[in-house]
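Shared between the two complexes below is subunit A, which has subunit B as its partner in the first and subunit C in the second.
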Partner chain A sequence: MNKSPMNYLITFAIACFFWVITGLVLAGHLSDTVSLATLAIEDFLFWYRIAITAVGVISLLLTYYWYVYGSKDSTAGDLEQARRVWYQLFVILIIVAIVALFAKVIIFLDEGIAIIDYLIIFAALSLHTYIFYWLCTFLMSPRAVKYLVPLKK
Partner chain B sequence: MAYNVLVGIGGTGARVVEAMVHLCAAGYGPENLSIFLIDPDESNGNLTRTKTLITLYNLCRQSFNPSKAAEKQLFKTNIKIPETLVWKIFKDKNTTLSYYINLKTMTKELEDFASVLFSEVELNTILNEGFRGHPSIGSVVMSDPPQDEEPWTVLWDDIITQKQNDVRVFLAGSVFGGTGAAGVPTIGSQRLIKYNDKATIGAGKSRVLLGGALVLPYFSIEREDETDEKMYVTHYDFPIATKAALQYYNEKQLGFDQLYFIGDSLNQKIGKFSVGSMSQENQPHYIELVTALAATDFFEQPPLEGDPEKLYYIACRDDDSVTWESLPVSRNEQEIRQRQIDFKARLVTMSAFAYTFCTYGKDTLDKPHKDINDTWYREHFRFDENKEKERVKNPRWGENKTQLENFEKFLKHYYLAWLCSMDDNSDKVRLISKSKICEGSIQIGKEINLIDYNKKKDNLGDFLKEKSKKEDFYVFINRFLNSVNITDEKTLSAANKYINIFYEAAMKFCAHNYHIQ
Partner chain C sequence: MKKKNLTDFKVLGLVAVTFIFMYSGCGKKAPEITWNYSIREVIRPERGRSDSIHIDLYIDATKSMSGFAKNTQSIYNKFLEELETTVGVGWKSADIRFFKFGTKIKEIDRQVFRTSNAEYFYLEPGIFEKTNIDQVINQTDSSRLSVVITDLFQTEGDINSIVQQIKERCFKRGIQVAILGIKSEFDGWVYDVGPGVVPYKLKSTGENADTYRPFYALIFGDPLNIEQLFNNLKSQPFVKEENFLVLSRYLLNKVDMRLTKSRESRGLNTRSKSKQEQAFEIKLRQEMLFKFDMKKGNNEGAWDAEITFERNARTPDFRTEDIELVVYKKSSLPGQKDVSSDSILSDDITLNSINREDGRLKAGLGLKLAEPPGNYSYLVYLQCASIDGLLVPQWVKDFSSPNPSAKNDSYKTLNLGKFINDLLRANLAIYQPKIAKMYITIRKL
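Moving on, here comes the complex of A and B:
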């Protein structure tokens, strides 16, 4: 699983699977629970799906970057630097999730969306960003860097 | 199986044995080899170095358990040595020739005769430090060795079970110095070994197949000051001594079945002038490696039926540079190319193994276990440091630690130092590039400074003086070290696992980078 191109393809498949869960299943749940002041539920779902797609693409690209970086011979010679790179990407994706949530809060400021719904949205964004990144790199990092991922034994 | 004995006579002989031990460590030696040395100058630096080397070789080999890939390669040869490794000729210290032959108790006629054969200086010089280029003294004192005492018993211990030509004895020494020049023809005489009572099976048949390497002048020595010594030899005396020696070999019916004549015209400097003792510690020279190759060729020849025919070998190269392709490795023309490739593969692999093990391998071991995330390490060394039961899985613990320290000492202080010393920076000996492996001066057996692999990461793929892919150290780690898998070898100790991982990775790296299969 950690060999190219399998890791790239499986990572893409996981991203699609997460999108189905958040963009269809969770979106269906949100359409039943969210109460909006002015906006139509279709418009809310449109912006929600735009957000998860955007963060999903960013996460996918950063995960691919880790695969490319982790496969380089020079990386194997400096694992301390590689570990720093992994954490930097992880933190970037946390920031991406938070920024995307704030964007939503601003867009839907007048709609009176409940905190619990924002938490569900943040969970969806988290799943697409740092959780997705951790899961994919945990399972499919190139050989030289596989033990840098937290919790990998 | 043939029983092989290598006898190193004098300083050159000791250095040939040194080269042979390194070949054995690299996996290019015979299956079994018994070694002993002959030198009256027991404190001679060359001899001390070789004795320590053999002891260390045996320590490493006894504890080493190879994986399938390293089997029949690393430390392949079972080297047997007697408890008394060196026959130092004289039982008493400060012996002179006059004392040895009991000149004082001789009749007047005999005393006069002795003074005709030997000068006063020759008769009265203390011989603790060898024969100082006077083989006529050595031939007298070496003509009747105590064959029922160690180390000579190595030759005869199991001889009764051997068939004709099955005991292969190879004598190595120079023909131009003192001990070697006296010892090789004296010990190679028909009666001493070849047709010794213990070796003979019927008339004209012997269990011993006797080979020898006559090392002709191949080095020069720097001489700075005049010495107070009255009797010594310098490299200016070598040609005359050689001429006389060769004439002797030509005229006498010696016991040798096969002889290798080995010499060189590069005349490299191998150290400072010394009459002997500790200060006589010369730099290794590629000719000693060539002589060890001759010994290997002798030991590896197919079994001989019947009376052996006398064979003489000599090889030469196309020009004045020494390359991997110019080394004489076999008597059989059809085998030369393949054996050259095999020899190069073993030595280059051993060198890459030694360098990576002693640099990156050592650095990794110096880190705490929990801080190491390298894949090759994590997949082979899984243990909880806090559990006493799991300590044996730690390569830094107890016997594992001792074994790895012995290996490091052998590989760094002896093997790499020996190998790098053969490069004299003249660009004539185009085997290994010393500057790619170590820096500063080299003294075998002492600390040497290996090049920092982080600063010069390209050196690992470029330490031969010939074309290569020039892959760097990171390639070695990423593509070769990380792909080694010996986790199935449950029987290997942690130290053995550690050694085998590096050896297997080095083997694959060299095959890829240096185009050797």
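Moving on, here comes the complex of A and C:
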């Protein structure tokens, strides 16, 4: 499963599956629980889905970048540099999740959304970013770099 | 390692299937509720201009009216002339009938009508003795416009009888009633001024309009024809817009309604409208559908309603503090196949507060919905109170006196204020004009 193009396709399938979880199942839960001052619930869900789709696409592209980078012959010769790249991408995705959450807080500032709902939104953003990246690279990194992923033995 | 990878994917696949199965297995939805959406109870439906008119002109030919006719150049005489001309030229075709009335009603021809500026017109035996307006009201017909020219001097007993007659004959049958007050020069005797008050002589002094005495045109018939007649008449300086009163089902020319959940109402969320609902509102040029979700475990909510309106100045103003809320309800529960087309009166929604600033009403509405999850839709009216919901216009108060005599209020009309007030009450007893109409749909989760 760590060979091209299977890893690319399965990564895309996982991204879609995560979108179903967050964009439909979790969104359904949020629409039942979130309290909005003025905004229509459909508008709230629209912005929520825009956010998870945007971060999902960024994560997918960065994961693909890791697959391309890990497949290069030069990468096998400098695994320490490769480890640094993996962690850099991981941190970038954490930042992406935080920035996306911050953008939502700004957009919904007047709506008085509860902290617990923001935590749920952050969980969804996390699933699409650094968790997705870790999971995909854990399962499908190219042979040369697959043991660089944390928790992989 | 290959085997391990396969195990990982099996677990992942199982999780995926479980989530999708859970999502697709969500509970049954309650059917959507619809209404026969319209704004017609609040704003009069638009209609084209009428080409033809059937009109009956009734002249009060009792003795007290002769004082208006004495001066051949009086406003009264000019008005009668203008009335006949307006009816003749205001429509493509006009069918005019003329009557004089008093003790009885007598049909007259145009030539006789044109002698209404002569004193003897008001001295015909068998007619001049008593003003029986109720007989005229009995002859009103929704297919004809009836214009009754009179000084409206009525005792309290007469008023009750006339109001009752107008209620039965006009309001109940959808015939609109309008009253135009006009002040004219007067030189004659004023009779029927109430028990114990002797008739008195009255003469207007020259150009001093304060000494003019009012007469009235009571108009019965189709609303559009009444409007058209008045619009044609008002080119004359003595026909004043502010002295015209229409007792209509419609008090507003335009209305704009907004309903938002109050910020403190955490149990409610606003919902978007469907494309069909948006198309309906665009067609009506009117926002009147409002949709909300009620979150699980909540039974209450509150809204702020803002109603911006343009009042028809010819109709009586409404009393804001007595405005009533009337609510009809439909409901549907999950698993139910159809929604009944019938609605029931409901007290789920209450009017907590209301205040008015010029052309704007601000109302606080409360909701109590202690029912199981499902769809609940409400048709909400804000309407005038059935008792004293409408205000007597100021010009009527200015023209009226409870006891006119030679020394006091000699130029005013006996009991006009009571007459109009009773008419307004009778009108409200038949139909309470609507100020706003909203459809509020709640999806209780």
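Note that the second predicted complex is superposed on the first by the 153 of 153 C-alpha atoms of A that agree within 3 Å, B and C clash if a C-alpha of one lies under 4 Å from a C-alpha of the other, contacts with A are read in each partner's own complex, and residues count from 1 in each chain.
As a convention for this text, contacts are C-beta pairs under 8 Å (C-beta built on N, C-alpha and C of every residue); 3 or more make two chains touch, one makes a residue touch a chain.
What you see is a predicted model; the values in this text were computed from it and never measured.
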{"item": "Room on subunit A for both subunit B and subunit C (clash or fit)", "value": "fit"}
{"item": "Touched partner set for A:Ile92, first subunit B, second subunit C, both or neither", "value": "neither"}
{"item": "Greater residue coverage of subunit A in the superposed arrangement, subunit B or subunit C", "value": "C"}
{"item": "Partner chain(s) touched by A:Gly77 [first = subunit B, second = subunit C, both, neither]", "value": "first"}
{"item": "Touched partner set for A:Ala40, first subunit B, second subunit C, both or neither", "value": "second"}
{"item": "Touched partner set for A:Tyr147, first subunit B, second subunit C, both or neither", "value": "first"}
{"item": "Subunit B versus subunit C as contact partner of A:Ala54, first or second or both or neither", "value": "neither"}
{"item": "Which superposed partner A:Ile131 touches (first subunit B, second subunit C, both, neither)", "value": "neither"}
{"item": "Minimum distance between Cα atoms of subunit B and subunit C in the superposition (Å)", "value": "9"}
{"item": "Common interface positions of subunit A, toward subunit B and toward subunit C", "value": "none"}
{"item": "Residue ranges of subunit A in contact with subunit C within the complex", "value": "1-2, 10, 14, 17, 20-21, 24-25, 28, 31-43, 112, 139"}
{"item": "Touching residues (chain side subunit A, partner subunit B) in the complex", "value": "72-77, 79, 83, 143-148"}
{"item": "Touch list for subunit B against partner subunit A, complex", "value": "373-375, 378, 454, 457, 472-475, 477-479, 482-483"}
{"item": "Contact footprint of subunit A on subunit C as seen in their complex", "value": "5, 8-9, 12, 16, 19-20, 22-23, 26, 260-261, 263, 266-267, 269-272, 293, 295-296, 445"}
